[in-house]
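Structures are listed in the sections that come next.
Shared between the two complexes below is subunit A, which has subunit B as its partner in the first and subunit C in the second.
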Partner chain A sequence: MSAAELTDAQDRRAPAGAAPVGPGRLPWRREAVAMLVGFAVLALLPFVFTDSYSRHVLIMVFIYAVVASNWDLSLGYGGVFNFGHIALFGIGVYAYSLLTKLAGMDPWIAMAAGGVSAVVAAVAVTIPILRLKGIYIILVTFGFAQLVMQVIISQSEYTGGTQGLVRIPTLYVFDHNMVRDAKFAYFYIALGLLVLSTVFLRAFVRSRAGISIVALRDNEEYAVSRGISLVRQRLITLAASAFFTGVAGAFYAAYQRNASVEVFGMSLATIILSMVLLGGTGTIYGAIIAAFVLTVFSEAMADFGAWRPMITAVLILVVMLAYPGGIFGMLKSATGVFSRRWSPPS
Partner chain B sequence: MALLELDGVSKAFGSLKAVDGVSFKVEAGEIFGIAGPNGSGKSTLFNVITGIPFGPDRGTVRFDGTEIQGWRGHRIARLGLARTFQRETSFDGLTVFENALMGSSFGAASQPAAAAREAAAEALEFVGLGAENFGRPAGELSVFQRKCLMLATAIAMKPRMLLLDEPASSLTKPEIDSSIELIRRTAARGITILLIEHVLTFLMSLSQHLLVLNQGTVLALGEPRAVISDARVVEAYLGTRRAAA
Partner chain C sequence: MNTAADILFGGLFQGSLYAMMAVGLALVWTTIGVFNFSHGVFMMLGAYLAWQFVAWGLPAYVAFPLAVAVMAGAGWLLQATVVRPLIGRANLVLVVVITTLAAGSLIENGALVVWGPRSKQVPPLLEGNIALGGIGVSLHQIAIIVITPIILAALWFFLTRTRLGLALRAVAQNEDASRLVGLNVTMLYALAFGIAAALAALAGIFLGGYRFMTPVMGADPLLKALIVVVFGGISSISGPIFAAYVIGFFEAICSYYFGLYWTPALLFAALILTLMVKPEGLFTSGRSRGLA
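For the complex of A and B:
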């Protein structure tokens, strides 16, 4: 059966043999079109927002969106309480910074290396948590994040310690001047990163490997009894969530041109976690939408000073109380577009 | 050669010997029943055979000649030894179809995508969960449907042997009759069945061999009619006349 036939079959409410989509899950072709439209709209934004400040906010939205949506893979889909996710971002930041500044590596290659470093770190932290559950996973992964930070602080000769690193080499696009284009090029690099990351994440969660990590989350013993390897799928989950997180860290370092251990702090972790939860876990898109909402909201309230985080916190509480499924759940019930549930023919 | 062979299998929790030196053989193609009062070690026996969540402390478990005690659960499953659980179990966050797809994708057959989809659909139809149920969230199903789904995910694995842990528990009389029929049809597919149940009539109508466990040890083993008329079995289930008087 061809892919086209499969999609048509799903639209006719799945006769036997076709693979129906999950509850509230769009057929892949329809999702691809929706995704394309969404990203096309984002790609037009620099023509609306021509000032570098607005573009800066959008670039930060894209970086946060990548980090938050990848966290949703391990936390929302996999149910693994990986509180070291932000450390993977930080590892991307420092891998890029050290490789370009000290080793003189090409920035683009260093960006990929930032992703690979995060994957290696994710595998290393997965091994000790394989036999752990719940709060113990939080302890170990949180400890891992602190450990990475302490190592970076202690190696101040290379990393600048608590002072951080400055004048980090940045990305280049042929001979294009990256500084005097009001962040035009950075915008599209950041958007490209978000597109690649999102396509990867959605393809992964729709694959059999992606479904199996939800099976493990729902019932570990039952999943194992069906031949699913806990060790293998946990490693895949964490590694898959690490790559674009690390690349986002590398891009962040290239964009800001400095690195500091603040990226390992609770403040950033809290912001990103709010995005994952506010957006609605186990959706990927929710985290992306929430990154947009929270960042723009926070910028819009810049005049409120110290009130800002408090207003944000209240907003999160209100949304979560009204819609436990987060913003994505709110959109679902508002539009009904995403919730085309199976209903037997009447 | 027997398909499944246990020799001196034991499992203790502290001082409690849940399974104590159990040995028996299951021949390929038969339905083998295991009975016993509550707490006699039936479910623990299934756990140590399948390695989910733990293997035995002592003794050997041979499946088709391969010693599997100490193997991880998913490897035992892939060898062709599938099990169900006493409580109706499902992946609630997934659809009915995705539940079965997990069995066909990761089980003994471990098939490529298209074949796995086909095997999943076939297994679901086989247990009576037709295409109209495929897109439903598994969490929405009734108790009986969830039990059927659990069986379908096991059949989708294309196992050689299936361990059924109290398939009749919390079912109504008509549902129990459907289950008996379904288990017969499953056996007719060439799947050897090891069946735990404490409803004796259920076991009597299905099994070719019956083993009775009591306090972790084998109390009786043989042809079902002979086993249930054994005085020791009657005593384990009902107590002695003297005690009752």
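For the complex of A and C:
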């Protein structure tokens, strides 16, 4: 049964305005408890890992997890092959850097502004792809990402061009010293970002809007005939996936204190996309788990030099060939506790 | 007169290179319906193999064809390992993007381990420079401008005038019907990938002969090939070839009048505009399998 048919069946039962509850769908209370436990465990990690290197790895995991799980919203749930997602992250990086460094804006406000800039960019890139499908969306969004990068490189008097920007103002928490606490404060800011983003994403995909974009993905003609607007939902999907991606970019800039055009590069895009696909599309949690696995795996092999990306590549290939459902699908079939309704699109 | 000569020569040269880069990508897309994101890495590997064979003492006229032949085998191998097992998956296009990217990363870093990061250069096809219409050009560039149309014409002849080529195009148009009339679809997939990889290797040898090669040299040509294929329309082989020359001249004109910095931005803006107005590409008529 496709999601479109499910929505249809549920429409008759559910009161108007309420999000339909499908059979076999995990009740939201149980999911909320599971999420709470999961994040509580993550919140205790700085007390286990007290050195700044381990915390740095975890902070990078959280940043990647936010970017990958938001990509899963447009790619996995929406079925929109948005290859410009990394550009939204890069726009967050540069919006924050330019606003704090050149305009002297307050870092926290600039972080929100990074998210808003990414939303504006997402709407701008959605307009040309409203008529397009499949591979054409990949190519236009890919072109968009390259266009943004080229514009940033060419405006070198503001952006530093290929040199990038350094000494970007960072975040502050009252008078707390952000440098000498072994990344304690950064850890909780990053975790807070991941919590907000994940709660938002899960609430979105469980809402009527979330169900309608899955319906559009699975059976566009039928969903449209049931009164779902393709144009509106696609705009909402891309805009929703952009905000926390942009904020994550802003946080990344504040944390690294520098910005370079490498954030638009193929290697970062490949890594984040592998997280989405390795985790299993259309799950949100899968991308977060894969961000954790891939980042820690890659850090653990830091001594292998040029062999590291090769081992990572082989890992990606093996999982893609052997487990179409990704890591989340693997876990799901191993434990069987998750409901059938969460199965990723095949 | 120098302006005209500059633009004419620059456009022809870039156009020839882009055509060589893009035609293999287009061939794989039209037959199998996937984008091979390791195409750029194949150009790199072809160039490095050619360099290696020359370093072993083989003359260039043996080393270059040998590199191209080995790469055809590599293309077949790639297809057999990371593309064919996935045929039939619903999100095939997306999964192949990631598997070919991963395979490309594997080859790229493998080349880094084997050959190291120091830049190398393949001997040019022809040594020397000449002055032509008031500008100095190298014979290597002239050779590329002359050889590319010959190879493209040979490919066109193969695809339209030979049984095997017609079979390839039949698979591109309707896979199920091709199977029904007894074509070996699996073998034809392998053939398409093999030819594409051989063409990529040749493009790599062209590139390696006039600028230094590094293990990451494939990234930029891949991007250019993608743009060319999108511009030209991804349903045919001839579309991207015309588009390659159009883009070559577009770039030559832009970089002459607006400067090198603005050329990529203008090109991408033109690309997005083209797709908004004519999503199926400039040189196509009717619908392609890409619009599914």
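Details
As a convention for this text, the second predicted complex is superposed on the first by the 314 of 346 C-alpha atoms of A that agree within 3 Å, B and C clash if a C-alpha of one lies under 4 Å from a C-alpha of the other, contacts with A are read in each partner's own complex, and residues count from 1 in each chain.
Everything below uses one rule, namely that a contact is a pair of C-beta atoms (placed from the backbone, for glycine too) under 8 Å apart; a residue touches a chain by one contact, two chains touch by 3 or more.
Quantities reported herein were computed from a predicted structural model and do not represent experimental measurements.
Using the contact criterion defined above for the overlaid structures, shared-chain residue A:M266 touches subunit C, although it does not reach subunit B. Look at A:Q150: by the touch rule set out above, it reaches subunit C but stays clear of subunit B. When the shared chain is aligned, no partner comes close enough to touch A:L102: not subunit B, not subunit C.
When the two complexes are overlaid on their common chain A, residue A:L230 makes contact with subunit B while staying clear of subunit C. Of the two partner chains, subunit B is the only one touched by A:R208; subunit C is not.
Of the two partner chains placed by the overlay, only subunit C lies in contact with A:F81; subunit B stays clear of it.
When the shared chain is aligned, subunit B comes close enough to touch A:N219, but subunit C does not. Once the two complexes are laid over each other on the shared chain, residue contacts for A:G282 go to subunit B alone; subunit C is not touched. Subunit A uses residues 345 to touch subunit B in one structure and subunit C in the other. Considering their complex, residues 35, 82, 85-86, 89-91, 93-95, 97-99, 101-103, 105-106, 109-110, 112-113, 219, 223, 226-227, 230, 234, 261-262, 264-265, 268-269, 271-272, 275-276, 279, 290-292 of subunit C touch subunit A.
Interface residues of subunit B, counted against subunit A in their complex, comprise 50, 52-53, 72-74, 77-78, 82-83, 85, 89-95, 97-99, 101-103, 105-108, 110, 113-114, 116-118, 121, 125, 130-132, 134-137, 153-154, 157. Interface residues of subunit A facing subunit B in the complex, by the touch rule stated above, are 1, 13-23, 208, 211-212, 214-215, 217-219, 221-230, 282, 341-342, 344-345.
Contacts from subunit A toward subunit C in the complex involve residues 75, 81, 128, 131-136, 138-140, 142-144, 146-147, 150-151, 153-154, 266-267, 270, 273-274, 277, 281, 306-307, 309-310, 312-314, 316-317, 320-321, 324, 345-346.
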